[in-house]
């Protein structure tokens, strides 16, 4: 464990925690621009979180301990996820502890805890949200796994860092299989982060809401952690996407500290692009009925498996 | 002092028998049976597990008993494979017996002493199945196992549906046993020796060995509850008292796995790869079929029973994979797959027993099995709720618990099957991986439903407010198994070093350097991928604690209680929560074609409107009922032969006589 | 054409008579007549036994001839006759198969029986070799008669004529069985008849008729 | 000496009991005579264990490994049945189904029946064998009709006619054997019927005659064994007669008849040197198993049910004998033993169960286990034993038979599997609700005798796990003697 790798690891975690709300802000701003609204400040998410932290927490009478620990669980899971996604450098001490399959498992854990917490108080909306979240999740999770498998097969390992290193290492090669999986991944990303067309983070409309319905009973610091975790989740997904599909510029250990220095601005640029793209998708697409969501996820799943087969057929 | 592990195991199994008989001394005294005998048997279980762990690395030992058939005294043998499953048996039994000690408070229909006897015969027969080294000993132990568990299943024999379940169970078990018996008949290959040694020595022609394998798969599959032979399982497991359900799901199903392993790798020697394909296909089918039915059940014990079908399916998938790789001589991958499925055996034993015991405690406290009448129990019975939560998370395959480890290994095995010589096989395998992933995710769905509806939310019945938490013995049992789940989850390297010995014994191959460090799992077969649950756990805990401290330090920890907000609804009552049916609805919707759904919707004018919905198994309707019909028809036809007229009977004799005479003429 | 000694010709004649009588019984519906036919059959059997005994002067054949006379010619017919009068069963109802068809089948059976008897006759050293076929035929015909009749009484008579066939077979093939066996067999037949007598009265007092269609209630309900 | 005791006691018993009539102590006397018979049998067995084969009375009687255990078994089951019938018949009398006169008949005939069976087993003379078999029929006919109900009369009549006709065929078969043997053995007739002599010269006997003889013998004795389609008397006779008689019919008479068949089969196969007799046996066996298993499915009357189960098991045993070879024959002999023990035990419990419920209809027998656990468990364990659940002996036999079939006659195993499955479902599906569930049974005026039941089951259990060495040796020697394959 070189000091470099340690510093990379630390940098990644800090950056993720701090930059996640910023990225959300950026996406919202792009969206506002695209919709000809006057945009809120990029820092708006920070303000929201700060405000929430200062409020007094109000807990439902029937809330159990599970309800109270969940925000910390989810937040912790997201931070840990951020720690094992090679967003800047691939020499991460923690990646040996958890490969991509474990990463998917980690995200699943977070989802499960959120759903359970949502059911804990026993309100109509809570259970509704939990049900819908799991409904989307049980198709999104294997899809994500399949997406990662394609990359894993290409680079012959399931360790995310190794995948990123391998992909970034070789000169630009066309992977039709990766094209398939990129589509699948985008769909999963939208669904998992409660984005249009699956969900709309901006409203509390009972017919449509999934993610928000689970947070209804949360307030103050708990809600703040949840929001922050959500932002981290989005950030993580985007970083996974970057690591799988546009890994170039990530710092491998051959490059030493310089690579790290380069990789930070590169990552920033990628994120800006990704945010804009996300906003664009959300603007041009319309919200689906909830029962269409599984079909969307099934499509994603199919695309991922197709990608896998294509890879096995063409060897590319 | 026992010298070989085998002696130790025999001693403990005999001890179980004695404990069982001791139950008959004072059959009605709960004190003796519950508070003395069952804890004793738990101790035996613990000792058995300990001895078996020692035995895994010890050389195989034989013993020949004096009883048995004239030319076939009972042979017993204890090698690493049987030791592994004995360890499973012992460890699971420790928790279950402890729990049972508290559970059989009022004898369920039967005298507790009698239950104690049947329970311990059940345990002992399972032990003997694992030790048997000749066909006769195996069959006797096997059928004894079925029989004793049948009596346990029909403890409350006054209920007609429980009698029906028991009957179905014993019938299918017996048919399966006959198939196994025939398989042995093939295996002994003309040498009238029924010892396993002679079967190892016998060289069968490929078609015959295939027949033997298929018969064995049929027989053991019927016991393991593979689709389409699974129909008895969701009936019988819920019918039994919960500790027995735990034993059946957690341990008895594994004996079937043991049988398949024994026959396939040990007795038949080198299986051709396509057997593996068969096993893989059946396994995946069972896993998928099982999990979608798990998600739509409304009875908590049925739900768990279906989930057992799913897990057995996954285990068989791993087995099939191992056979395929073995057939192609890819020994490292074969070992990986085999170890994955063995690992899942251990995991499933832990978590499924845990969950069944949890439902048992709930059943005891509330008298309810129907999810629709439960809820909010986490407040009343925390000692049940928290261990059960661990079990639920584990069975959903979430890190860093044990369910995830086996899933991880299995997916690794699937993923790197790329260089299988047969093109279409390595096309199929990734699809298999996809199905496994899907099943795990669906299991997560089912577990959220299971746990959320039983323990979270508002109590759906007023009676639940008086629910009592589990007693001391029951708590011990639950905690023991929960600890097992965690331990298996965070210390995979140590477990796998045991499993390696087994796989070396079976395949002659093992994982090269499964561990980089004692805390890091990095099998070479899984190219450079690694998984360190301990680190994982520590870091996660660290982050969580830091967050907690940070929030407390920088901000305040003020919190007050208020009625739930729920978007400002004025009055929220329990009926506004999702019912079990409601929670299962998306699955019913998405996997419509697999279910046989009959709905009864109220019309607008009913003065007491009623909604009823039943999801049943297509396989039962279209696979089993026709067979029953057929038998009934044939039986009716046959009765025509006997219409009471003596002339007709004389005619039969006359014709028989003439025909035979013509034959010899 | 080999010359057959007179005695044997007589024996063969008896055999032919037996066969004829079986056919007669097969077609006869009057129960009393059946008894007479049975008695006649017994008489012929006795005569044949006697002739063989005389020719081969084996003494135990005389004894079995005497047995036959006392049992099959005198006692049993008398017993049956008494039963018939006591129970008042004079006519058998219409048999299950009409007589012409029965006759036809009977003929076929006789052919079959002769075919069957060929190998046996071939290596029989006894004087009455050719008669085994007839013995088998008589047995099978009696069997048929039992099948086609509806009255308990006529079934019993069929049974007895089957016994006659057996005796004739034993006698013509092997000059009879050893004496021990002969006695045992005779005893059994006697006891059987007594049991039957008891039976008849029991059946009678239960159903006040000897019609077999009363005895068709025990069956598998479809 | 033992012979005299063995065969004399029952005859004496018949005379004494017939003469004394229905005294209060008649049942005990009956049991006593059976006890003496059993003692004699034991003495005989001891002698065989000591000195091996026995031939007495100018070779008219003999004991060899094939019949020694059958003799003991017959005497033993005769004893236990006598013990069981003591309270059973008393209950019947209190229920007013029997008059003292009938009881006298019952006791006398019971002893006579025992005698005929022992005679059939021990005689060396196949002519006497026939006489004894016929005697067995005659002595039981009046017992079947003991209740004088229309049904019992009908059953008795069918039993009498079918078995009578059958046995007549057997006589003709015997005549043919004698005819074939006479030329070879020659001598003054008598020896030409002695089985030991025939066995010595069996290879010289004329094949054609012997094969025809075998057909007659098979049809004849097969009727008494209850091989389908000759079995039709069996369910009626079992269902309508008093239960002790059903027990001995199923437990003993069928065995004895099969014993007769096998004795003849040995001779015939010896002379033919072909598979013909074996194939015939296998055919009969399979047909019986399959038909019986489907008949089982339709039963309403508990005694009919177990009667058909006897047909099924006789089918299995016959099939095993047909397969031949040391293993299959061994299994068949073991199966004969355990089947007769188990089946008689079952009939004991069934008798008391029917008395408790006041009906033989299974729909009206419910929840035995709640009122009297002993009867309930007896019936449950007995049925489990009879449908081949280990560790009972029936399973041991079926284990050997099925594994052998899998190697020697693979084509037959699917049929056997089907039949066994159907039989299992049929029997167990009927027994379970009778034993479990809510009870409808009543108390009995006299305490039931369940000792025999559990003694039998204990022996069957033991035979499943441990066969005494000398018994095993008898089985082995008998198996080799029967030969085949």
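Labels A, B, C and D are assigned to the chains in the order they are written; within every chain, residues are numbered from 1.
One rule holds for everything that comes next: contacts are C-beta pairs under 8 Å (C-beta built on N, C-alpha and C of every residue); 3 or more make two chains touch, one makes a residue touch a chain.
Keep in mind that what you see is a predicted model, and the values were worked out from it rather than measured.
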| item | value |
| --- | --- |
| From chain D, the most remote chain by mean C-alpha position | A |
| Innermost chain, taking as reference the mean of every protein Cα atom displayed | B |
| Where chain C and chain D are represented by their mean Cα positions, the distance between them in whole Å | 31 |
| Approximate Å spacing (C-alpha centroids) for the pair chain B, chain D | 44 |
| Centre-to-centre distance between chain C and chain A (centres being mean Cα positions), rounded to whole Å | 101 |
| Distance between chain centroids, defined by C-alpha means - chain B, chain C (Å) | 70 |
| Per-residue overlap in chain D, given as positions that touch at least 2 other chains | 157-158, 161, 165, 169, 208, 212, 295, 298 |
| Multi-chain contact residues (two or more partners), chain A | none |
| Set of chain C residues in contact with two or more other chains | 116, 143, 146, 155, 215-218, 220-221 |
| Pairs of chains in contact (touch as defined earlier), listed by label | A-B, B-C, B-D, C-D |
| In the complex, chain B residues that touch chain A | 375-376, 378-379, 389, 393, 396-399, 404, 407-408, 411-412, 415-416, 418, 426-427, 430-431, 433-434, 437-438, 440-442, 444-445, 447-448, 451-453, 456-458, 516, 520, 522, 526-533, 535-536, 539-540, 543-544, 547-548, 551, 554-556, 558-567, 569, 572, 574, 576-578, 582-583, 585-586, 589-590 |
| Complex contacts: residues of chain D adjacent to chain C | 125, 127-128, 130-131, 134-135, 138, 141-142, 145, 148, 150-151, 153-158, 160-161, 164-165, 168-169, 171-172, 174-176, 178-179, 182-183, 189-190, 192-193, 206, 208-209, 212, 236, 239-240, 295, 298, 300 |
| Contact set on chain C toward chain B in their complex | 96, 112, 115-116, 140, 143-144, 146-150, 155, 212, 215-222 |
| Residues of chain B defined as touching chain C within the complex | 636, 638-647, 650-651, 654, 657-658, 661-662, 665 |
| Complex contacts: residues of chain A adjacent to chain B | 53-54, 56-64, 66, 72-73, 75-77, 79-80, 83, 94, 96-99, 101-102, 105-106, 108-109, 111-112, 115-116, 119-128, 130-132, 134-135, 137-139, 141-142, 145-146, 149, 152-153, 156-159, 162, 204, 206, 216-217, 220-221, 225, 291, 294, 298, 301, 304-305, 308-309, 312-313 |
